[in-house]
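Look for subunit A in each of the two complexes below; its partner is subunit B in the first and subunit C in the second.
And then the complex of A and B:
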C-alpha cells in the first residue's frame, strides 16, 4: 500500500534531481505584495514557501500559483532556484539561498569570481553584501522576515532603476 | 395598601439601580484610542487636522486602528485619513500624503507607517507624530505657515524636523536619515545628532544581526497581517520609538533626555552610506 507521509508528498525534482518536500503546501490566496510584506516583516524566520512567493512577486508583481511545488517549478524554469536544491515548504530560508535567488532574479553583474565560476550561494552572498543589499552573516544563517522585506525591496528597486537604495531609501536621481 | 407600598419600594429600588449603572464601552484587549488622562501627551491637544492622500501608485492599503472590524482597505488618491491610521505599501508602490497645510510625506515601496497624531494648537502650531515601522519615507515640512513640532519615530530613534526635508529609512540594516534641506535632529538612546542638508546619519552602530535579538517593535507585529496590540499601543503613544526630542521652532530645544536649561549637543553628521569598499 502506498503510504503518504504526514508531512505531505515528496516529489522527485526535475532533471537536476532536487527534491521538493511538502509540494502541495499552500499560502494565503490573493495576497498582494503590501499584505505579503507586512505579514513577513514580523516573522523571525522565513519559510521557503514564503520565500518562493516573494521571488515570484518580485518577478511578476503577483503570485497566482496555488502550491509550493508550482512556485518552485516556475522559479526553476527561470533559473532563479537551482535545479539541484532540495527544497521544503516549511524549511527556513537561508541567507545563501536568498542571495543566490536574488542575484539570479536581478541579473546583477558580478565580480571576477562569479564570472569565472558561475553563481554560487557563497559568492552571490558576498556580491550582495558588497552592494549593501544584504548584511553580514554566513551562508547558512536563517533570514529574518525584516531582512527578507528589505532585500526584496532593494532588489525590486535595482530591477527598476539599476540602483540599490541607501539606508534612508534614497537613490541618485 | 401593603401592595402599594411594595410597588413604591420596587420602583424606588429600580430607579436607584439604573442611576448607579453607567453605560460603559465593552472592554477589549485593544487600548482605547485616547491615552489615559495622566499620560496624555501634548500632541493630543488641539484641533485634529486631516491627512489627504495626494497620489497612489501600486499596491497600498490603510487601516484605522480605531476600526474594530480590522480590515485593510485599498488606498486611493483623494482619500481623507485620520489619526491612528496605518498604511502599508507593496513593491514598486508609492503614496504621497498631505498632512494639514504643513507637511508632505512620500511613502516609498515596501513601507509601513502609522499616523499617530496630527493636531493644530495655539499659535497655529502643528504637531505631528508619525511612526515608521519599516521601509522609507521622504518628509517635507513647511514652516512658512507657522511653527511645527514634527517627529518621526523608528524602532531605534526619534527624528524631529522643523521647516525642513529629508529621507528616513529603517530596515534590517538599521536606520538611515538623509537631510535635503533644513536641519533634522536624530535622537537615539546613545545620543543625538543634528543632520543638515546634504548630510546623513544612522542609528550609529546597530548591526543588522543584533536587531533580531532585541526587543524591537518590528519583531512584535501581527504575523496574520493585521495590527498587533503592540503596534496599536505604540501608535496611541504617538508613534512609539526609542527616543523623543521636542524642537519647538523658537530656537530653543528641550529634550526628555536632558533637564530643562541644558542644550543638546550638535555634533557632525554620520558618514555617508555609499563609501567604497574592497571586495
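And then the complex of A and C:
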C-alpha cells in the first residue's frame, strides 16, 4: 500500500506544470540578434534566460519579450519548452534542454523512438548529434556560448533550407 | 606477419561513389595441415610456427569469410548512394565487391578446413550489399555472396557456395 501511495505522488507531481524561477529577470533591452550572438559567444556557459532569448530570435527574428517568464510562456505555448521543466533565469542551459528546444523549434524528423514516444532530452540530443547539429557530450553538460551560437546557426539554416550545414557552413546545392 | 593495404577513391560528385582496392596478406605455415590457427591439427611438433593469428577481423567476403591466416586476399569494390535526392532513401548505399583468394603456403590449411589440396588457388567470390540508414536509430543491412572454390578444394566440393545475410539494427 505504501508503494502504491508513493507512486501516486510521483505521478501527481509529473502531471503538474514546471516551475519558473526568477520569472521577472530581464536582459539587455533592444538587443538585436547580432549583438546577442556577439555577447553570448564569449561566455563559458549560457543562462536559461539567454537561451530562451536565442530560441525566440531563432523563431521570430527578434525578442520583444520583457521578462524571462514571458519568454518561457511564449516558448511553452509553441511546445519548444516542455511544460514539465522547472526553469530558472540564471540556471545554466544543458545540452539536453538545448537539443529538445532545437528539435521542437526546427520540427526536424526524428528516429523511431522519437516518433513512438515523443520528444525527450536524451533522444533529441542523439538525433541532433546524428545530424551533426550538436557535438558529442552528455545530456547534463552545460552548453558553452560558442557552441550555443553554432547550434543556433545550424538550426537557422535548417529552418530556411531543410539542410544542416557542414563544418564549413556550406549546404548542398 | 601480416599486411593490410587499402586504397579508396571517393570523388565528391553526385551519388558519392567510392572505389576500393585492398590487399591482405597473412603468413602461413606449411606444416599446419588441419588448421591455420588452432593447436590441434596445427603446427608440427618441434618446428617453428609461422602462421599469423589475427585479433579482430577485416572484410574478407560474406560467403567464404576466411580468417586472416595463411592467405592472400585481393579485393576490389564499388559502392554509391543512388537515391540521394529521395529523403527516405538518401542514406542507402549499394555496392559490390570481388575477392580473389590465394594460400600463402599451399601445403598449409586455411580456416575453411575443406581446402585440403596442396594448391595455392583458393577461389574467388562476388558480393552484393545494401546498407541503409533508415533513421538515426534504425539501420538495415543485406549482403549476398557467392564463392567459387578453386584448386585448393577437392573435386567433390567445388560447387558454388552462396550466403545471404540480412539484419535490422535498432539502437536506443
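Definition applied: the second predicted complex is superposed on the first by the 157 of 173 C-alpha atoms of A that agree within 3 Å, B and C clash if a C-alpha of one lies under 4 Å from a C-alpha of the other, contacts with A are read in each partner's own complex, and residues count from 1 in each chain.
The criterion applied here is as follows: a contact is a pair of C-beta atoms (placed from the backbone, for glycine too) under 8 Å apart; a residue touches a chain by one contact, two chains touch by 3 or more.
From a predicted model like this one, the values you see are computed outputs, not experimental measurements.
Trainee: Under the stated touch criterion, which partner chain does A:130 make contact with: subunit B (first), subunit C (second), both, or neither?
Mentor: In the superposed model, A:130 contacts both subunit B and subunit C.
Trainee: So, A:119: does it touch subunit B (first), subunit C (second), both, or neither?
Mentor: In the superposition, A:119 touches no partner, neither subunit B nor subunit C.
Trainee: Go through the superposed model and pick first if A:160 touches only subunit B, second if only subunit C, both, or neither.
Mentor: first
Trainee: Which partner chains sit in contact with A:18 here, subunit B, subunit C, both or neither? Use first/second/both/neither.
Mentor: The answer is neither, since A:18 touches no partner chain.
Trainee: In the overlay, answer first, second, both or neither for which of subunit B and subunit C A:92 touches.
Mentor: Touch partners of A:92: none, neither subunit B nor subunit C.
Trainee: In the superposed model, which partner reaches more residues of subunit A, subunit B or subunit C?
Mentor: Partner touching more subunit A residues in the overlay: B.
Trainee: Touching subunit B in one complex and subunit C in the other: list those residues of subunit A.
Mentor: Residues 111, 126, 130, which sit in both footprints.
Trainee: Using the touch rule from the top, collect the residues of subunit A that touch subunit B in their complex.
Mentor: Within the complex, subunit A contacts subunit B at residues 28, 32-39, 41-44, 57-58, 61, 111, 126, 130, 132, 135-137, 144, 146-147, 149-153, 156-157, 160, 165-170.
Trainee: Could you please specify the touching residues of subunit A with respect to subunit C in the complex?
Mentor: 109-113, 123, 126-127, 130-131
Trainee: Would you pull the subunit B residues touching subunit A in the complex into a rising list?
Mentor: Subunit B residues touching subunit A: 58-61, 72, 88-93, 108-112, 133-138, 166-169, 171-178, 200, 202, 207-209, 211-212, 218-225, 228, 273-274, 277, 279.
Trainee: Can you check the complex and tell me which residues of subunit C touch subunit A?
Mentor: Residues 135-138, 170, 172 of subunit C touch subunit A in their complex.
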